[in-house]
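First subunit A sits with subunit B, and in the next complex the same chain sits with subunit C.
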Partner chain A sequence: MLLAQSWIPDLSAIFTQFAAEAVLCLAIPVIILADVFAGPARREKVAGLIGMGALVLAFVLALIQPADGVMLTKLLRADGLAKAFRLIAIATGVIAAVGAMRGEITKARTEFYVCLLGAVVGACLTAAANDLAMLYLAIETLSIAGYLLAGFRKDNAKSAEAAMKYVIFGAIASAIMLYGMTLVYGFAGTSTIATPEGMTYASIASEAATAAMSPAFLIAVVLVFAGLAYKIAAAPFQFWCPDVYEGAPTSVAAFLAVASKGAGFAVILRFFSAVTSGGDMTETLQAVLLIVALVTMTIGNLAALRQNNAKRLLAYSAIAHAGYLLVGVAVTNQAGATAVVFYMMVYLFMTLGAFYMVGIVERQTGRTDIDAYTGLGFRAPMFAACLAICLISLTGLPPTAGFPGKFFLFQQVFAHAGEQQSSLFFWGGVIGLLNGVISLGYYTRFLKVMYLCDRDQIPTGSFAFGGIDRGMVLMLTAPVLVLGIAFQGLRELADTLAKGIF
Partner chain B sequence: MGIDAIVWWLFAAVSVVGSLFAVLSPSIVRAVFSLLLAFGGVAGIYAVAGADFLAILQIVVYVGGVLVLIAFGILLTGRTAQALGEHEVKNRPLGILIAAGIFIGLLGALMKSSFKIGGNATNEPTTEAIGKLLLGDYIVAFEFASVFLLMALIGAAYLVRREEA
Partner chain C sequence: MSALTFAIFAPIVGMIAILFVKKEEAEKAKTIGFLTSLVMFAACTYVAWQCFHIPEGQQYVLESKALWIDLGGSFQVHYHIGVDGLSGMLIFLTGLLSVCAALASFTIKQSVRGYWAMFLLLHCGVIGTFASLDMFLFYVFWEIMLLPMYFLIGVWGGPRRIYAAIKFFLYTLFGSIFLLAGILIVYFAVTAEGSGFTGNPFSIPDLTDYALAMKGSGGILHNFASSLSWIPTAVFWGMFVAFAVKVPVFPFHTWLPDAHVEAPTPISVILAGILLKLGGYGMLRINFPLFPEVLADSAFIIGTLGCISIVYGALVAMAQTDFKKMVAYSSVSHMGFCLLGFASMTSEGMNGAILQLFNHGTISGMLFLVVGVVYERAHHRDLNRFGGLMWRMPVYATISSIAIFASIGLPGLSGFWGEFLSFAGSFKGLYSGAKIITVIATLGLVFTAAYYLRAIQKVFLGKTNPACEQFPDLDKREFWMIMPLLVPTILFGIYPKYLIEIYQPFVESFMTLVAKVGA
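On to the complex of A and B.
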């Protein structure tokens, strides 16, 4: 055969290993073509139908796709981590799409779905990328789709500001990361993160520990991490987060808070497992990660205390959660990765639930400040109860899923402190727990205005909470409660999916 | 110092001077034309390093595309002369200090490190190898880039489109 040359890879695996991504990619031109042929009257409906259909189909495929670690032409890896974060990204895409269709996005659904599908597939490939070039392409797809989606409310000046800020911060972070990647590539001589034999960067990591190269290696890793820190909104790259979440459509903010952050954490886990797999640099990198984690959660929690805007408050809460999750990465071991995957899955439900409910209130009252929630405990008991469950879970209290999530993360920190005799990790764990107490201060403000308000302050008029909205909220809140008690199954799943990362 | 090194330093100097002018010039038109020097200098460095394809791409994409686009964008918006002059830079000493600190730190660390990737010492054409990589190992990335560009195009067209009320 003419084509059967040695340099042409066998791509037959792509349709079994990456079927979900393939469906999402194919749906993009299909939506555009459908828009052309549907005509103005049916255009929005057709776009919604195809977009949602593609997302749901991709989710089903992602559920049944194997996660056996097969490499696709060295660029992508179909392992458990890829599968976990692919499921998270697509599920977030589905819920964000439902929220957007119910709320802000009434026109230009074709364009919205093209960007959303692009963002989802970007997040999936970011989590699966095993090559620095592929990784950069996937991250940029996710970022640029994010910029477009954040600015989607063209009639809203804040939305435009959000998109602009996101672009400028994103461009700088991207440049820093790319510089770090070139250094890593130069030191290691390969852009492949892991090969079947093991971690490619392990050798340079161990070389770096002994030779004069250690400062350069550390700089390269920190530069790459800086770009990823921007994606997960970790300090000192968190400044964009509140403004962008406030200005962006609420469903888009939810997508950025879960799918973007998740993809960032998948890369961070993959990258740090590669660079900490050998040598004495591991301890330094662990300390760097832990300190960034602690600073991030403290900044997020303290700033959230002063917020009166629900979207900004959730943004600072998202920053704080980036800190909690980074703690699980900082221990750089298998159990830590399991805790991160577990927490990410819990975080998906509680954060999307909270954002979805903020979206409902915004749609009905046109407001995002906390006072808009006054008396909801009496006006809409079901709604208020669901929001309360999500917020209690974000705080990390039992009997919600946030409790086992935080427990597993900080368990690893104290276990690591015990094993390594590390006082840094011990005090890090203590600071982390104190942060949980601080966060109680602002999450309970919602509960206070919803339940403990004066009777005469309660606005009259009905609060509509039914149909699709009620179904979606219950679907997102029920797992938060159930997983708070019966978390063993999810923990085993997280353990399977995180296997082999470290 | 061989002829290669002399040419390399020449191009390096051109790109650094061009970049400095682009950043420091108060006139936006001059800044854009200084970028021409910077981009050209980088293309020259690629060429000296034996990356012929990359050097041509740098000229075609950056000088021929990006730069012309920026120049047209500025010339067509009208206010060219003092567009940047009105902007007062605060904290200039602090900025210079931080930039210099980062530069010295990076330089010190990188001088002591060894790179496994060297230049194209044999000066063979790289186009064939790059083509094989793009349609071989990197085919997934190559194809995915088209999805990415399509999405970016559609989104950008939406953002700049004027809505008919």
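On to the complex of A and C.
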């Protein structure tokens, strides 16, 4: 008995700490079966109901699941960070499913829900992975589902192009990351190669702490980071991002911008926590991260200035935000991780809000160019006000939630600069904040066409904004405003969830 | 709830009321907006009145402090407000100008509800900024002003309004980024180990006290290593840029003429009368008190910038044919006096600069109203296409001339005191080169007289331009929107004592802050 017990892994955590993922996984075959048995008239509706039900149930379970760091066979760890990014991924999945139901996806909706659930599971597992092998599987689950989702506007050539680009870039990035992982394993696993600990973050950390500055280990770390940089669309791996966001259905773009990016950041936090746990590489890596962050946000913001397509513009904005978030990672300490988690939660509301509203305009007018928003400030005041709030928040101005988000991130940068007496971080902080000014240049283009247009240019005809759309938008926008003033609760939540990362 | 909190949030209440006004009854928004501005004026007057009775040993009155964000440790942001004579005086100015601007806004006909909502939100930001005693709160109110201003210029402005609005927004945000960076660096430095700071790292009074205590031993940012000894200077200049953009100081002034020319009249009034004052106020409240030593080292540069603003602004104003643009550049020129006064670090200079803050508010407000009146009749502002308005509009011409002479600095009108004291203080300024800079700056006075007298001659004197034959004189509303500004101009011109009395405690404490450094 005793022997058996030690060989059969303890899987009970599936029912407690990982119930949300279990529900989502179960829902996938159920949807496929239901699709077979439901009549052709009702199948998409049934699939939608099951998918949505599973997502909502998973969200509730994720909320009440304990975040006590219990592990599932050392492969997955149910800690606060996993909980935070799992909630983000599932919430994004819900919004994407609503977008699809509202008419964004017209063909093969059943398959869409299946892929979406798969992607959500992948994102959840990516955030919870405690081991490089598990991590790779989870990222691939997320990516492959993502490739499929990006190509879901089947009658649209751009969507096909988007999916193709995403696959090719993704495959290369995966390969690079996998190569990096094998190198890391080689370093970290040398002493304990036969044990399962060889590939966990903990063993990487112990190796990094003892290793002298070894160029090979640095290369390994950079290679893994390259793969992750692709996931979060950080420079110089951001090229796929605008094309894919433009071609993909808007709700998928939103999913990639929030859930996929969030999962990437969960991994980056864990990975860099491990590799900077000591040794003499820490400072080099911090500098590398900061420079990547600054280059990313500057490229994103500058390129966004010239965009006329709302989806491409938001894609570049998402790149810029990857830069802001990386700044919080670059300081590699607990407060930085907290700031990243806080910003990610704020980012969830404002980015999903913006994408959702872009989706509404796209569904109504069939257009994604900025001129489609002309006069909306007068034709649909509520809609325009909500979009304005999300964009102001993305710029990082008070009294919206984007401001405390940025405040905490850059607070850490300047604190780090002061502690390390590093002028690099001082200038990094200033450049990062100045990026907010650049971003104002393109976010206000929406405000310009919505409010500042000439009166005779305002198109006549009504703009429908009611029912579910209105409810969803208000649900996403209200927190942006409320959290801008009363952000203490969210910050405390972020504190709890990010605990123990560094 | 204190009167100060009431003054800050009364506009918000008005704004919410306006949001419930139905589209068909848009005129109601006007009524609500005007009544709210009257309420604001009453509250602001009460606040200012309280500043005359600041108890001995107390720096602020109407102080209220409530914990807003508490993240444990030293990160405590308070809703901490209070006024001293300086902010009380400027809050009174805000209340006064809001009534005038509200009266001037009656001519706004499109999107009336939106206009009044933004108008009131702007005032919440302004009064809040003047009242804030917490850096975080200050920054939040400071930024809250940007968006309504962007819309007020961009939606209700002139032909190039979109360009002007975004330029204003970008310039001001660019500046405030450095303020934010400064706040973050100061926060880190005073909370770091070994700083010896025991107060709240966001509290402006605490930090000011600390700056006084640390004078001579490295200032509030003393704990940076020698390799980073440039940090205090950099933070000082960063914050200076944030406020200099608002003042505006050469070379950060280029947004101002565009914004002024495109903005509707009431918004120009608020822009020139109040928003520019926020720049000078920020310097006096945050920038200089936190870094008195850097101020002493930088006085020459600040004085030079002031001097350039005065002379350059006046010269450019002289080249304008657009009445409003001329007044806009005169603002650049006149706000330069404030810098000259600040840089001198003498009691006279400070007095002059602060007087100039208030008096420029009333005078430039008046001038923009005057320009607005004639623009509404002629639909252009070309100085060469008027003439002889004196005979058609005698009341208007008289009031305008008083405003212009006040701006030139004619003794007996309020503009005189600010200029006179600024120059007097600047001449005996504590930095080397003060005398030369002052002498050069006085040239600005000559140019000022030149462009203003030329304007009077072209607009009011001479033969009546046939196009202006039918212009009616001021109606009741127009008369009463200018009157509240004319009265203090004359009153404080003859008897500036009340004005000087209200902010005197501030000057005294400021002088103790800088005095030891100079000695």
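As a working rule, the second predicted complex is superposed on the first by the 474 of 502 C-alpha atoms of A that agree within 3 Å, B and C clash if a C-alpha of one lies under 4 Å from a C-alpha of the other, contacts with A are read in each partner's own complex, and residues count from 1 in each chain.
Quick note on the criterion: contacts are C-beta pairs under 8 Å (C-beta built on N, C-alpha and C of every residue); 3 or more make two chains touch, one makes a residue touch a chain.
Source: prediction; values computed, not measured.
When the two complexes are overlaid on their common chain A, residue A:Leu397 makes contact with subunit C while staying clear of subunit B. In the superposition on chain A, A:Glu419 makes contact with subunit C only, while subunit B stays out of contact range. Here subunit B and subunit C are compared by how many residues of subunit A each touches, and B touches more. Using the contact criterion defined above for the overlaid structures, shared-chain residue A:Thr444 touches subunit C, although it does not reach subunit B. Contact with subunit C, but none with subunit B, is seen for A:Leu452 once the two complexes are overlaid on the shared chain.
With both structures placed on the common chain, the touch criterion links A:Gly429 to subunit C but leaves subunit B unconnected. In the superposition on chain A, A:Thr496 contacts neither subunit B nor subunit C. On subunit A, the surface touched by subunit B in one complex and the surface touched by subunit C in the other have no residue in common. Touching subunit B in their complex are the following residues of subunit A: 7-9, 11, 14, 25, 28-29, 32, 72-76, 107-108, 110-111, 114-115, 117-118, 121-122, 125, 131, 133-134, 137-138, 140-141, 144-145, 148, 151-152, 154, 163, 183, 185-189, 212-213, 215-217, 219. Across the complex, subunit A is touched by residues 105-106, 108-110, 112-117, 132-133, 135-141, 144-145, 147-148, 150-152, 154-159, 163 of subunit B. Of all residues in subunit A, only 378, 392, 397-399, 403, 407, 410-411, 414-415, 417-419, 421, 423, 426, 429-430, 433-434, 436-437, 440-441, 444, 447-448, 451-452, 455, 487-488, 491-492, 495 touch subunit C in the complex they form.
Only residues 69-71, 110-111, 139-140, 143-144, 146-147, 150-151, 154-155, 161-162, 165-166, 169-170, 173-174, 177-178, 180-181, 184-185, 187-189, 192, 224-225, 227-228, 231, 238 of subunit C touch subunit A when the two sit together in their complex.
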